[in-house]
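Below, chain A partners chain B and then partners chain C, in two separate complexes.
Right, the complex of A and B next:
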């Protein structure tokens, strides 16, 4: 990672600002120069280094400028604007009016918001259950001498690269209460299946199952990479010490894989809390049925509610408040996860 | 990356707005430079009607030398979002399609130019269109839309299923009682066949039955909801009872999982109420073309159906208001209406130009859609129709699914709708 290079170098040089007289940087730079390898005169080396630093830095900024500008204009600035609009009432054709915390007060008393938030949290929790599953798959695919691993890897990864819209269309048919394959299979073993995505009691589980199906491949690939990064000698040493397969898994594999597990967990939480397209289409909100799915209230996610309020009900200020709350929630959950990682993640 | 969807969604409106603004300035400048002739843009959303619209535009160009009309297609899914953004930034098409549920929003916030209805500058003559269609585009004393087409509602039925059940096909004389009775007789649960489909559809189902029962959805001054009126509830109850009491319709869950049209086309539902534009769907399906036909709706206390239709409107900030009005006058005229009818996609709104539409599908009795006009009632709207129509869907779905008593749901809906209507009155922008 390139950022490591600058991070390591920065304390030594004091990162002099451009255009500053070169003399002022000397005391801070001395420490770095003293430890520099090679037979060059420390002062000359220092000068050369600084020259490179200036130039490198400007090149660096120039090269990231296009991406950085795009990020600022299309992502960061809208975030600031969204925050501003969450304190306003925004008519359908512009014309904002500052209304302070009114949107947030409405939100706290809006049962639809709390229901949507609850749905989203349940979905996220259920999708997290896919990580152990991905772990099992990764371990299985990592077994030496197993045949057809390439095929399995591809099969499990396929849902990840499939458009959520296509996934939703297919799963709607699989889940169809009258003619779906799932219910036909269940009836073969004597179980009378339900209307999975229009029954309020099953809708969240049915959608989360698709969520797991769509993410398990991605997590599996990451975990597989993590597994393959564990040196084989550790296992040899462990078996010499008399550790069985199970002991090896819990005492070696799991701790050494914990950084990857942490990464997949953080990413899954961030993505799941923002789930939109899959659920929107599964509930049939894009069809003439619209919001009349009897399980709509139990399926609707926070981003769906934001979309509904902002772009259909013409309450954009309120929509902005909804996403701002979601934004803060995601930040908080991510921060908590980073806090907790100290307890269970082992690096190296 | 999916991770970015939230930010993207939040940003899309803003970035779209700035983008549109930039391009809009250019087109405005060039249009002004070209002087009297000018270039008009015409915004539409239906790809099936595109050929007819293009043909009409060419015809207009032919009679107006120096004028070009560009027909801009935006798919239905994004049409309204895009149009709203374009209106905000001053770059909407000069002339564009409007529908009932969205009309109030645009008229109320001054996005449309009024159209003269009499005198030498008249753009639309009121007498040339069905009155309830014309009045749909009337807002606070002024006319803003020139009716383009209309859709009414009628009862489709599967002749084969009627024969098998020994039921006489509907002939326009049916009362609600006969509709219910026959739907029950047509239901054959062993074969998975239901007499009728009762989805939570407004224009096709409950708006019609509310009118037939003598109820109302919204007050004349558009300030109060009519959902607590016993007659309104009676109109709603027809459908809830067809599902739960008479068990003559698939449940709401079944109708959510499979679109009612598909159930009808696959012979698993014997009747359904559908709008005139659905005729094309049934005509295209060769498997059922000869098996189905259409009849007038059953009557309750009254004989009634809902009429809705699109209109051509002029954008308030168009650089060519006169030319745009002239184009709208042409589009609502006899010639353009006949072009539209000949392409067979939608029923032209102008009286006396509808014959070609009914004749395009000879085996269907499409005349019933034209006859429905005389008992038609206007589609209910207000300044922010979308907001309460979503409440409508959510509350009525609870009653339809049986999770909530119909009367309770109707009262909750009244409260929610009244609150939204009060907000409309307050903002008034």
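Right, the complex of A and C next:
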């Protein structure tokens, strides 16, 4: 029983119960007794039931053990270890030394960290702008009598499934300062474009634009699922009452969609704050070849910094501190959003 | 009442149909912007290097340079990396389907002391960003002497709190009567799970399978951390290094990128309904 309750209270990172009855908390025995088959009397059934229960206990542990042990070894314990590492310094030949809060103090005074954090926050904010865009698309796809929705959905979803490396390759090419098609198009209307992803002033926006492009289809699908959950007769009633399309959108669609919108926003924030693949591939794929992007510092994200410190600079304690701070930040932002939701999210 | 509503609807229909074109206009404009980069990637992959850098650009390749695709195989051990990606993806997905569904079934149906706290522990994993596991996971692989191996790519990805959570939700939504009947007939919980619950949970398994397939195929950070040998890395890493090594050969790069991502796109096209339902159902990614 208690687990059912905790499941529904799962915070943002966990998928909330997607409209499924999670509370089958009625003791199974009661249900079985009520439909007592084979003419057995309920008391005997219950006794038998209890005997199952007792033996079932071990089946329960046995079924959970493989996944549970794996998660404990590879996920749960590592979190504790990472936390511990963040208070240590990594020796050149392995071995850790407890240094208290030193890593965190270094972090606070490290301009590279603040720059990376700033970049990540800007990226997150810009990617959030994709949600209204996804919303417009979802609303249009949900228009009654709309044809070809399947094709649109497929096309918008393509960037979501494409391998980030394949995304980065083509966008670097599109953004190329000399021969990129973006600048060629811009020069046709008299604008002199720059090297978008190696110019410190444009790099964040150029990358965030790709971020929007990659996520819009995904957000659109989530929002569309939310829209389809709104009963059509609400709209018929509203239009019989003389409410126009715009009025319907603001007084009907928006409030009824707000839980989905909230959920989409929370997920977007969590995922964007952890962005790595795309930015690494755009900026950092050449670093091992000895080439550095002049806009690297202005594009680098928090997780990239963690990756660099942990696996290239061998400062694992410092790397651990970086991700611990990121974790706290994500939790805090999620908690704030849950607080603020009371102001704008309507649960029917 | 019903009649007037019906009449209103038929009266309104012509007006509504007429109003659909602005929606189509916006949607197709958006679709063009969305698809253009991928289309451009495809077209560029067939151009000669000279043609790809021409100003003004050609849209259609003047001469179809199929050899770009062959060059991918000589630039990186593409076939080996493809195999690595395939094995990693299949092993992770298969393992998750079995292990997650077992645990999920136990959480959904079997009552035992400590179920609540155990489930909370699973949920805790779900809340933690993936980067927090990385350093210790790397340590484990190093200690086992598994760096630069296939098992390093596979093993940590076999376990998933998310998958367990997703399938538990699914099992909870299934009717219990059949399972109860089987239990009364003397079947043990494992038999009930395997023979009765699992076949009923096919849509849930499909959703998890598709999502795991997608994430594993595209996974970059973990392989980047544990494997460096070009023969041992998956395509995602191979492509990243190709970008560094063959900086100027953009058409070859595009060809490699498309080849690497093609299987996912094909699977997506074939199973898009399940794909999209899976995404909408889980509402989760990464």
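Heads up, the rule we're going with is that the second predicted complex is superposed on the first by the 269 of 348 C-alpha atoms of A that agree within 3 Å, B and C clash if a C-alpha of one lies under 4 Å from a C-alpha of the other, contacts with A are read in each partner's own complex, and residues count from 1 in each chain.
Operating definition for what follows: a residue touches a chain if its C-beta (ideal position, glycine included) is under 8 Å from a C-beta of that chain, and two chains touch if they have at least 3 such contacts.
Values in this document were obtained by computation on a predicted structure and should not be read as measured data.
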| message | Let me test your reading of the model: by the given contact rule, A:67 touches which partner, first (chain B), second (chain C), both or neither? | response | second
| query | Just chain B (first), just chain C (second), both, or neither: which does A:138 touch? | reply | neither
| request: Look at A:82 in the shared chain and tell me whether it touches chain B only, chain C only, both, or neither; answer first, second, both or neither. | output: both
| query | So, does A:91 touch the first partner chain B, the second partner chain C, both, or neither? | reply | first
| Per-residue touch tally on chain A - higher for chain B or for chain C | C
| Touching A:198 in the superposition: chain B (first), chain C (second), both, neither? | first
| After superposition on the shared chain, which partner residues are touched by A:306: those of chain B (first), chain C (second), both, or neither? | both
| Touched partner set for A:323, first chain B, second chain C, both or neither | both
| query | So, A:292: does it touch chain B (first), chain C (second), both, or neither? | reply | first
| message | Tell me the contact category for A:271 with respect to chain B and chain C: first, second, both or neither. | response | both
| remark: In chain A, both chain B and chain C touch residues 73-75, 78-79, 81-82, 164, 172, 178-179, 267, 270-271, 274, 276-277, 286-289, 291, 303, 306-307, 310-311, 316, 320, 323, 326-327
| request: Note which residues of chain C are touching chain A in the complex, please. | output: 5, 8, 13, 16-17, 20, 23-24, 26-28, 30-31, 33-35, 37-38, 40-41, 44, 52-57, 99-100, 102-103, 105-113, 115-116, 118-140, 155-156, 158-162, 164-166, 168-170, 172-173, 176-177, 180-181, 183-184, 188-190, 193, 214, 217-218, 220-221, 225, 235-236, 239-241, 243-245, 247, 250, 253-254, 256-258, 260-261, 264-265, 268-269, 272, 275-276, 279-286
| request: Sort out for me which residues of chain B touch chain A in the complex. | output: 2-7, 9-11, 13-15, 77, 81, 84, 87-88, 105, 109, 111, 192, 199-201, 252-259, 384, 386-387, 390, 393-394, 396-398, 400-401, 403, 427, 429
| What residues of chain A sit close enough to touch chain B in their complex? | 73-75, 78-79, 81-82, 89, 91-95, 164, 172, 175-180, 195, 197-200, 267, 270-271, 274, 276-277, 284, 286-294, 296-297, 303, 306-308, 310-316, 320, 323, 326-327
| note | Given the complex, residues on chain A that touch chain C span 1-4, 6-7, 10-11, 13-18, 20-22, 24, 28, 31-32, 35, 37-38, 45, 48, 52-53, 56-64, 66-68, 70-79, 81-82, 85, 136-137, 140-141, 143-148, 152-174, 178-179, 181, 184, 213, 216-218, 221-222, 224-225, 236, 240, 263, 267, 270-271, 274, 276-277, 280-281, 285-289, 291, 303, 306-307, 310-311, 316, 319-320, 323-324, 326-327, 330-331
